[in-house]
Amino acid sequence: MAKYTIQRILAMLLTMFIILTVGFMVIRLMPGGIFDDAVDMTHEQRAALEAKYNLDKPIIVQYGLFLKGLILEGDWGTSLKMNINVPVWDIIKTKIPVTLYINFFSLLISLPLGIGLGIVAAIRKNSITDYLISFLVVIFISVPSFIFATLLQYFVAFKGGLFPIIFDATSTGWARFHGLALPIIALSLGPIARVTRYLRAELAETINSDFMLLAKTKGLTERQATLNHGIRNSLLPLMNIIVPMFTSIMGGSLVIETIFSIPGMGGIMVKSVNAPDYTVTLAVLIFYSLVSLITVLIVDLSYGIVDPRVRMGGKK
Amino acid sequence: GCSSEPKNPGDSNEPVTTAAAGQTEAGDATAAAQEESGPKIFHDYMTTDVDTINPHIYTMSVSGDVIARTSLQLYRQYPNAEGTSFEYLPELAEKEPEKADEEGKVWHIKIRENAKWENGDAIDVDDVIYSFKMCLDPIMVNSRASQLASDYITITKASDYSLQGNAGTVAWEDVGIKKADDYTLKLQLDAPVTAEDIKSHFNYVWTCLVHEPTYEACMSEDRSTNTYGSTREKYMSCGAFILDQWIAGSQFDMKKNPDFVLGDKIKLDGYNYKIVGDRNTALELYLNGELDAVSLSPESIEQYIDDPSIKKAPATSIQTLTINHGNTNNNGILGNLNFRKALFYAVDRESIAKMTNGIPANYLVASKCLGLDGKTYRDMEESQALLEPNLGYDPAKAKEYYEKALEECGLTSLTLTLQYNETSANNKAASEFLHKSLPEVFGDSFTLELMAGSTSVLNSYIKGWKEGDPNSFELQWRGWNTSTPAPWNGLKVYSSMYSNKNEPYYNDEFDALWEKANYDIEAKLDPAYRMDLTRQMEKIVLDEVAACPVYEAPSYNLISSKIHLVCDEYIPGYGFGYILSTKD
Amino acid sequence: MEPILSVKDLSVSFNAFAGKVHAVRDVNFDLYKGETLAIVGESGSGKSVTTKAILGILAKNGHIDSGTIMYQGQDMAKYKEADFYKIRGKRISLVFQDPLSALNPIMKIGKQITEALILSKAIEKSKAKARAIELMEAVGIPNAAERYDAYPFQFSGGMRQRIVIAIALASNPEILICDEPTTALDVTIQARILELINDMKRERDLSVIFITHDLGVVANMADRVCVMYAGRIVEVGTCEDIFYRPAHPYTWALLSAMPDLHTEETLFAIPGAPPNMLHPPKGDAFAARNKYAMKIDFEKEPPYFKISDTHYAATWLLHPDAPKVEMPDILKHRIARMKEEAGYEIG
Amino acid sequence: MAKFYSSDLPEYQVEPESFEFVQMEGEIADEKFQDKPIGFFKDAMLRFCRSKVSIIAFIGIVIVLLFAVFAPALSRWDYNDQDLNRINLPPKVPVLENYGILDGTRWLTNRRVDSLEDTSRYPEGSILKVINHRTVQGVEMCDIKVDYYKYSGVEDGTYFWMGTDYLGRDLWVRMWRGARVSLLIAFISVICNVCIGIVYGSIAGYYGGKVDMIMMRITEIIGAFPEIVVVTLFILFFGTGILSIILCLVVQNWIGTARMIRSQFYRYKGSEYVLAARTLGVRDMALIFRHILPNSIGPIITRAMIAIPGAIFTESFLAYIGLGIRAPESSIGVLLSQGQKVMQQYPNQVFFPAVVISLLMIAFNMLSNGLRDAFDPTQRGA
Amino acid sequence: MKSDNRKERDHILDVDHLSMHFTTKKRGKTSVVKAVDDVSFYVERGETFGLVGESGCGKTTTGRTIIRLYDPTSGTVAFDGKEISGKMDKSLRKYITDNIAMIFQDPIASLNPRMTVQEIIAEGLKIRGVKDPEELHRQVVAMLEHVGLQAEHASRYPHEFSGGQRQRIGIARALIVKPQMVIADEPVSALDVSVQAQVINLLNKLKEEMGLTILFIAHNLSVVKYFSDRIGVMYYGKLVEMADSDELFKNPMHPYTRALLSAIPEPDPINEKKRKKIHYDPEMHRYGDGNQPSYHEIAPGHTVYCSDEEFEEIKKQWKA
């Protein structure tokens, strides 16, 4: 296991490196020079600035310099546009916690809720409850999260006064959670629906499996059989959708963060692309890639823990 | 105020409104606020985070707002007593600049002796010189250096000094910024200027003071970059407010500075900014009492149009159709004057203005720009005279010119692409309107295609012609922030020397006029003549349709009834003066 | 003797996509204490459905159309889901065909064995482990204590089937239903599982319903045999009745289609394929494939003809008016040889 | 009822001629089939048609498609007919208006009481109700309910079923025009995804080993790029418009299809009939396209069906961040994102597109379920 | 039913020290499965060679390696004197596919559900250059009738057939290219008893008519015995015993063979209930250094895989 883990991490680092390289090139291909849209300055002044940041050099040289800094000093460069002269890492550092906070919480919320709803729907298949859940699922899946975010903000926070309209970055503890509850909910609706849909299908299949039948013939009630055997077994394949789900939550937070004024990664992603601020974009890109690769890794490794067949190296 | 309309590409001609601090002459208001319980804090918002509050390198107007509120400039605009116009008052400077030679090339500025940093350090002329020296530093290459070196005034050798890089050819001692005595700054200029020029020049945010020890501490080892103003700790306040708390991406809290040199003007106990990216959210916050002022999105104007709290602020910019004169497609029809005229006459500005809650613009100097005798430039009869009747809308004429142009270019049909910034609802609506209405004027042979892009994408198209691709774009919306007090300066965008030019439009006559209006002492001393020059310039660009002006979109603001402003109406070139307001 | 389980006129059908599948039609049999009743028949003849109907675990789209299943004086055909909990696993247990999929792949073996006992509070949690190990030993799992914590995938097919049997025996049932318990296994392992079932049956005085399509296995296990075809029981009798005195052409065909170690002649092949149970044929379902089919076979369903007290067959050939036919030669020879080998004359 | 023979029962008295052997002679041939042969697709279609839900979904989609194709042409207005005198009208539907819903009225809040008399602002008869009188900063204010059509000066008898937008364009027409565009984008992008996915997935899955490893790494890398970066690049190179959107929808989304195809290949390339074909000497290409790929048809169709509303969804996300389709063209995404901006003022502008996209989502989902079942080989003939 | 078309002792297939090892890499762990390990046997022209053994012992792998669905790890296979285990190229591929055909176990899985019977059967012909659709159809129909199906079945899809019919289609597909040898991998084990006989009889008939050589893989000893001339018994990748079928049943020498034989259930209630089953425990061999097992011929054509020590024992038990 340890060896395998190390192998996987090495492979991940290699992938990261390729992403870094490709990302660097791609981002430099992006439109707009850093100082095009900046302030009113003379041609000479602009040229001097570009020279200072090596922007006038061939892209390969720029990449070489960047890599040198990164490897020798762990230097991701400094922001040129968004937080001028601030090391990119310092910027990202302050944004990551809140983004991870809302993303993890929505994962944390959407999994149990989705699982719960999925179970209910699967057990009561073709009942009113099932139809109701399916209806909600469709709504949640098909209506973009920015609509929900706006609706929640308007009705729950503004009209209802139950939550703050925007997030207060100074808050801590419970107040922080309270302030982030709406964005978390807005982010979770889609994933909840997806988990529900997936689990409903999966469980409906598991319920028909032989071991469920055996469980019943053993004398377990329908309920006990579903709880003890059905759910655990249908949860395993659920891990397959956690990764895409998590990345899509991350993607969703892009918009949600703006609506709720959350100073997180999602906001600077869009802004750094628009600014454009190469170094920040690259760092954000790496961050998102890393998160998704790590999720993949964790899911893969935990598969081993959750599924004894994988853990103990069995067949199939 | 805060910038509410998403910033358009090219909104870079620095708006004066960034320095919205103000002053009334009413000295009796000191006691008024103190009876109230609780601190009186103005809750404002900004739509994006600041990039830095280092005055030498900031690029965003919101950053400028924060710096302006927390640091000192030599001079600053304050509203006049009636609250109808503004005037420059000495801030860090103690009084008006003094001419130290015959011509007006050497000036002395006396600064106050009681100014202090928030940590109690006294401020003297060395602080001022240090700030300027750092701004012009050749190694750091600050983006604001050229503006400090030569904007309204051209400081001797400043430009050369700042652009020399490592060469070391120009010593700081050669630069025309000197210490006359501990509290007097001596300026050596290339050309004679007026006191007004000096005040205008030092009214800008990039002339704000930086705190030497802090600045030095933020200096990188090779002295090539500086992180001053990137966090609360790396900043030192000395202005009307002290930066109390700064949570990146989220909020700024400022508290009143008891040692502020013009302290009696400030009635508020604090001034806070929240960063609110979404307009609906901002409105909700306002309605909830969490913000004291909000700028309405075009969609919600109708709902509040009768509200007593609504206040209208003139547009910060004229929305124009930028024309790529050098485009060689369609046999270079965009370079054809007849076609550009056709375009000019074909735009139904009135309808577009109605749709955008704006003002139709058939001119290139914005209506907020100041003229003479308390009138705005636009309101002056002479300026009115050079405008086309019916707001420049004349379908018959347009069609005539269009057909002529087609013939001259040997075309039978024409398709052009108009690019706009998708985040600007007004530009989008106006584009869609033109998409429909232009073919109605020109006939079926004409098609207008629309294309949205983000700021950076649009910029890259503009950049195209500068990098040798003449066909990188055809038409694009641009909003120009013209300089309010100096309309002649604002027309810089059509001159050859301007580096952020949008369209490859060059006119020697215009360039000469611009030089004259800006640097000629004769012009400087004679405002009427200057106005005249301005009008001549405007006429040239209008006649040649260097760009096609369409509308100005004023902003509609709701200002809480708790807030009492120093001026009932928006003061062109100044603003509402939120920080001078009182609150109950 | 009173049967402990008595199935009368059981008919089961499924609402499938294409229509109504008549999987089991008028099935009758009794199960007596301590006997092994084998049900043979080819795939799809309704063997599993019959047992599932008894245990109330028919698929959702299936239902009992008519008939009674009398057990302990009650008709299980009328049971509600809740009533079955008292029966399933406790009084009647089922051993599945496929030991691979019948065990929950991610639950420990030991837990699967005693889970039902714990949940029904038949045993205390603390004693569960001991009981599980005891059961595992009983079904012949070596090192049972160590394997308590193993997972199904760590077991071979034969061992898994033993576990399934252990699960079935966990609460000392009265009736054990084995639905093709060895089909997925190798012959050598099959032999040992069959031995195990026989041992268990003897030790615990179980009644066993044994389902298979392998006549060799039937010969080994059964006391009595039901031969099923197309949802009906076409012949029923003691093991000897069926193997030495088969009366139904289908039984003949089954027996003679299968080579044994002595077969040299051409096998007797049943032509065609079993009927589609969506539209069960009129008359004798086997008629279309039956060489000895008579006109009436296509018209009228044959009743059960009594051959002896224990032996019934549903074929018109037994009608007094029907022409007499002999069973195929290959079968005749084989029976003769078997009798010889057995060393005595049977009936 | 099981019947036992008894010579007494009359029903078992059978005429002797019934006891004639009928097939003693000759081989009994395998039964002939009564019906026509049913091809795989035909069978799938038959089963599909038997599922009511799928049919309803299918009809639903057809209706949307019909509307999308014909509604714009049949309507009184063109999708781009602008009239600044009728902007942001609320919905008004004949008949329904009499029941107080969709009657073209709207509440206007924060009105000055003194301005209500002003007939140039409030044409006669436009004000239906005045409530909530209050004084704000010394000004008398109230909320009013107006007949917005009269208020805007639209002539009587004009009905905009879904209202109008900020340029006075009919939202009903724009809705269907938008549905047309969105569906077109969705269809094209999904087709592209499927094509690329098939080729890529087939190669990776069929050859396996190192080829597969490298190809999968590549997808991983492509997949790691945040959408926004990719989108911006495409916008730069191709400008906004359908092409960029489709490219954006394709550039990463094919990966999923490719993965699925690959796993299908892994599953089937070792299957017995593929091996059988190999022992006959069937070439690689034929194996891929004739033997293995057709198994993926079901999953591909299912996937594609879900991807279609998914593409519309992504398109609306792009529209929201400002990279949508070229104005004045309409699409569901454009309408949704436009609607989001005015959700508090004119909820109708977001409601209707949201309903349509939800309906499409439901319909495509059900359709894909139906197709999945129909193409499931294990359910054949059932 | 044994065939008599064994002419002279003429090896058509020679398998020599064939090994096929699978390396699986899962989550970083590599494991080697020795599915076939050093197996040698031969098949004579015209005979039926049966390969039996329990599930997973490598029978299928042997068959598939011979027909080159897998590339052997080591050892050689020669068909008609020509080595067919070497490097694969077009001509070798053609040689193999022209001469050897394969019949698969699972009648459902081995037919492409999306092709008609006509397409399935004609595929082999098409590859061999028969293009004319009428000719194709004619041949397909002829073959269908050969295997007891009818012309009208050609346009049908596999799912419409019963197991036995499908297996016959599989046979038709294999035989239409007129191979010299057929590898039949458990062709009847997935079938119901009632239809097993159909297929066995058919194979027998075709063998006679076409002079086929068959490598018959099965785990049902009764069937193998009935069908094969010679039998090889496999256990865990090794071929443990090989002999003429009568000889093998008379003199099962390897303990595993004995266990296998004793375990076959027979449809004879009285005898079956009396019969004693023999258990085989591989631990009993105690192979070690200097006591390695190898092939020993105990009688002409009867080889046993055992150590020298064991061979001595075994020899004593052999009955003439």
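Here the chain labels run A, B, C, D and E in written order, and each chain numbers its own residues starting at 1.
The rule we apply is simple: contacts are C-beta pairs under 8 Å (C-beta built on N, C-alpha and C of every residue); 3 or more make two chains touch, one makes a residue touch a chain.
Here the structure is a predicted model, which is why all the values come from computation and not from measurement.
**Student:** Which chains make contact with chain B and with chain C at once?
**Tutor:** Both chain B and chain C are touched by A, D, going by the contact rule given at the top.
**Student:** What chain lies closest to the overall centre, CA atoms only?
**Tutor:** If we average C-alpha coordinates per chain, A lands closest to the whole-structure average.
**Student:** Just how far, in Å, is the C-alpha centre of chain D from the one of chain A?
**Tutor:** 25
**Student:** Report the inter-chain centroid distance for chain C and chain D in whole angstrom, where each centroid is the mean of the CA atoms.
**Tutor:** So the centroids are 50 Å from each other.
**Student:** Distance-wise, how many Å sit between the C-alpha centres of chain B and chain E, to the nearest whole number?
**Tutor:** Between these chains, centre-to-centre, one finds 89 Å.
**Student:** Counting only residues that touch at least 2 other chains, which ones in chain D make the list?
**Tutor:** Within chain D, the residues that touch at least two other chains are 27, 29-30, 232, 235-236, 343-344, 381.
**Student:** Hey, what residues on chain B touch two or more of the other chains?
**Tutor:** Chain B, residues with two or more chain partners: 280, 454, 456-457, 460.
**Student:** Can you list every residue of chain E that touches 2 or more other chains, as numbers and ranges?
**Tutor:** Only 165 qualify.
**Student:** Applying the document's contact rule, which stretches of chain D touch chain E when the two form their complex?
**Tutor:** Residue list for chain D touching chain E: 27, 29-30, 32-33, 37-40, 43, 271-273, 275-283, 290-291, 294-295, 377, 380-381.
**Student:** Under the stated contact criterion, what part of chain C meets chain A in this complex?
**Tutor:** On the chain C side, the touching residues are 55, 57, 59, 81-82, 85, 88-90, 93-94, 96, 98, 101-107, 115-116, 119-120, 151, 153-154, 164, 167-168, 170-171.
**Student:** Under the definition above, what is the set of chain A residues touching chain B in their complex?
**Tutor:** Listed in rising order, the residues are 30-33, 35-46, 48-49, 51-52, 78, 81-86, 90-91, 94-95, 150, 153-154, 157-158, 161, 165-170, 258-261, 263-264, 267-268, 271, 273-276.
**Student:** Which part of chain D faces chain B closely enough to touch in the complex?
**Tutor:** Touch list, chain D to chain B: 80, 82, 84, 87-88, 108-112, 115, 136-139, 141, 166-167, 232, 235-236, 239-241, 322-324, 326-328, 341-346.
**Student:** Quick one: which bits of chain E touch chain C in the complex? Just the residue numbers, please.
**Tutor:** 1, 54-55, 161-165, 192-198, 200-201, 204, 219-223, 225-227, 249, 259-260, 262-273, 277, 279-280
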